[in-house]
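Here the structure comes first, spelled out in structure tokens, and everything after it is commentary.
We just call them A, B and C in the order they show up, numbering each chain from 1.
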């Protein structure tokens, strides 16, 4: 129902779900250093999900907005609930917000902390629920993508070194339905790999308004180990939801023939949501009690959300002079603090309008003078509205 | 039936339709200035259309032939039949032929007048049927695309100015089933916006054979207001169909630092179809009474079509000398008059073969000498055949 | 069942099948001249197949891994079982292994002989089964693609000359179910066309490990006739399967203004498979008697496969000195002999794991000294593993 189509065999052992996601935005920016106000088709996805024999399942999810690409294409073999093997392209199991399905996140855009967590990659993953479903474990071996990176085409690796990512996530009270802590989850994730070439470092970090505020000099390459780790957790109770995450990402970088230096960047995200109409907030989204239907006098559900997040770049990236530094202080900021406020209107289980106001403050490197028209010359204020259908 | 698949809930409030379109052409050209004869995959589309709760609907339509892109991706909220809100990527509501679904148009290729109407864009649109369904209104706010343009990726705007498009279309006798004018529709559409940069002017105008016969100099940019307006109408009665459209498109252009000059181009299209086997002609196509089935001795339906259309470029584009003119008179024509004759064979409701002969005559700027091998050196004669399936 | 979804009308005359293919690889290479070990998303396809009225059918198959493209988009009109007309984009009817559906081939990668057969193209094809289904004929008129080539976008031809491809394939004993030769098929295919420009010659020949071991100099263009012919056959009986193919491909090439010279390259492939668990081997794959289900103690089917194949480039391509030769002997080999051994594990009808070991030996041109790091400096050893789902 509600736009979701599932074709199922009589015994339920075989099914195909046809799903999709369309997100259409309007975005206002307040200053001349920022991009033009614009309509934007943010996401247009189709999802084919199937399972059969109660053991095998698959996902094929192409993205048609922006850069057309295959997001997910993988096979899962459920040897048992506690032991699944997944092979293909899927999300790297590190960031809590990164792993949450985009259309059910509190805000239209993920927090700036998610700049530091790897995104989709190709590889093999073992995962399962153990200890009476109170603990989920995931271990993956992957080609390796940098901070915020995505193996867009599912293509081959640049070197033979692989990346290991592992995540433990506990929901210790999930089976105690009346507990104050039924909706509590805490976890720790880490990824570790060797990286090389320009494709081994991040392509840049972006603000809430999706503008690049930090990027390495084009001549900087990864040359050594990269480690990301993230303690993370959430708490949901009734209409209240809280999601918190801390990410530290270190990488060994090199510019030209100069010595390799390790850089360590940090990010954090604290997000809160409260459903004004009383529905339950969950990590998988909000299901409104009523559907928007003016003739019936029903309006759906409303939720207010707030977020503070930040990203702190290693100060050493700006040292070494113009010929030796990793980043230019006149166009890249040293630190970002991002505030967000929003209202979500759930017109139905599948349709949501989101109204987000973002205020992003930049700290520059000592003595830095921003270039004319540089994004970092002024704080960023952005108002991003969205209508989305996730069927 | 007939290849169309719809999955519907018991109460009909929720449905998903899986549709598609494949068009495969063979194209002959008669002269050395024209392209090689060729097979061509013209369109290969899948369409996912759904609705639910009788209020919400969506379309996701990727195109896989030529430049792979998302054509339509939008959400429609039907507050009432008279008031719909559509958000995402969709066709700009201006051209009558542009708005008609491609597989049901009289000819394999739209007329040269459609060069002047904007195509798909991202934005928000209000539309509805009022006055007992005798009047349809549409108002849209969009990023803005130039003549014949298409916001291919649904991407951001180059400036903060937005484009307004509005269309009124009346079918005053639609409720009088026995009237001579039941199938009469007349309308007026207009779009108005500010444009800038090379992406604000047309990428070129094409003949019926889809060859570019006019394009601005690469250094010409839009710099000011663009206005398109179009009176339009159709008349269908029994096997007869007539579609007529006039388009005027003006745009302020600039070359280098020279003064801004306004250019106004005109187009027209008069198309007629007659179904020889007696089926009704409609704006939504022809449904044959029989299906092609040689063993049963049935052959489907046949329709003859004829068209005269033209495009007249503002003569001032050629003035100003080699360093100041907007277009080069040796490769761009000043005027195009296009004649088309065709036969459509409806093998079934979903399968159509179309045989089109096009004769396109160029008028050159005064004293212009066409370049060697320039398309405009000779009239264009093209024979475009197509087999299409629109399921 | 088994993940395959078909929506059918009551009378079976109309149906839509939603299918797909995901192939996820891990690939090891043994030497520094070869690429890095890597995970790879090899194929991610969706397939929409429909038929209606028992006469019309269509296929739309986009590929989302690697270069996103439309593979098949065509309409088939079954005038009678003996006379079908297909129009659009489809596989050129030449290579036996090329025509076999990829997920059911013995090996993860097709043999090196398939480098010499044309792949997908746009055009029109007549085909049918005659003589009580003991003979299949196919004749196609196409734009023309070079050896191993693919008309990626279904785009227009570079010249007006078209390519003819024809294939006869006999299964003389297919109606004698108890014959020793029920599963015997033999055929002959040929394609013939005029080619020009760099797009008329092959883009390069690849090893089993999918690395290019031969390519023409960038200044070499096709300029004249190209002919491919291939005797071919298979034999399936119980768990045993044998597939054999020989291909000769000649093309007239030219470098700069030097004289046109004809080049003829040869390839062969002999592949054998044996299903250890006793299921039947067929050209359309293996259906395991049991499904992988550890809790039920069933494991699916297992098959061993072996292959020897080769590709012999015309020695004359290396003659003419550095300024006149068609290929450089220090990076392109003169001959490739490829050995393959593999194990296929059919976890279900839709899920297969394949483990392939390839050993590829290069013969260089006389007196050739391979360039440093050239692939051809050492034999190639590759181990390519794959998990695939073909629903």
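The rule is simple: a contact is a pair of C-beta atoms (placed from the backbone, for glycine too) under 8 Å apart; a residue touches a chain by one contact, two chains touch by 3 or more.
Remember, it's a predicted structure, so these values are computed and weren't measured experimentally.
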Copies subunit C and subunit A - interface residue numbers shared by over half, same or different: different
Cα superposition angle of subunit A on its copy subunit B, in degrees to the nearest 5: 120
Separation of mean Cα positions, subunit C and subunit A [Å, integer]: 39
Junction residues of subunit C, two or more chains touched: 7, 18, 62, 68
List of subunit B residues in touch with subunit C within their complex: 1-3, 5, 7, 18, 20, 22, 24, 26-27, 35-41, 44, 46, 62, 64-68, 291-295, 347-348, 350-351, 387-389, 391
Partner subunit B, residues of subunit C touching it in the complex: 7, 9, 14, 16, 18, 48, 50-53, 55-56, 58, 60, 62, 68-70, 73-75, 77, 79-80, 87-89, 121-124, 141-143, 153-160, 162
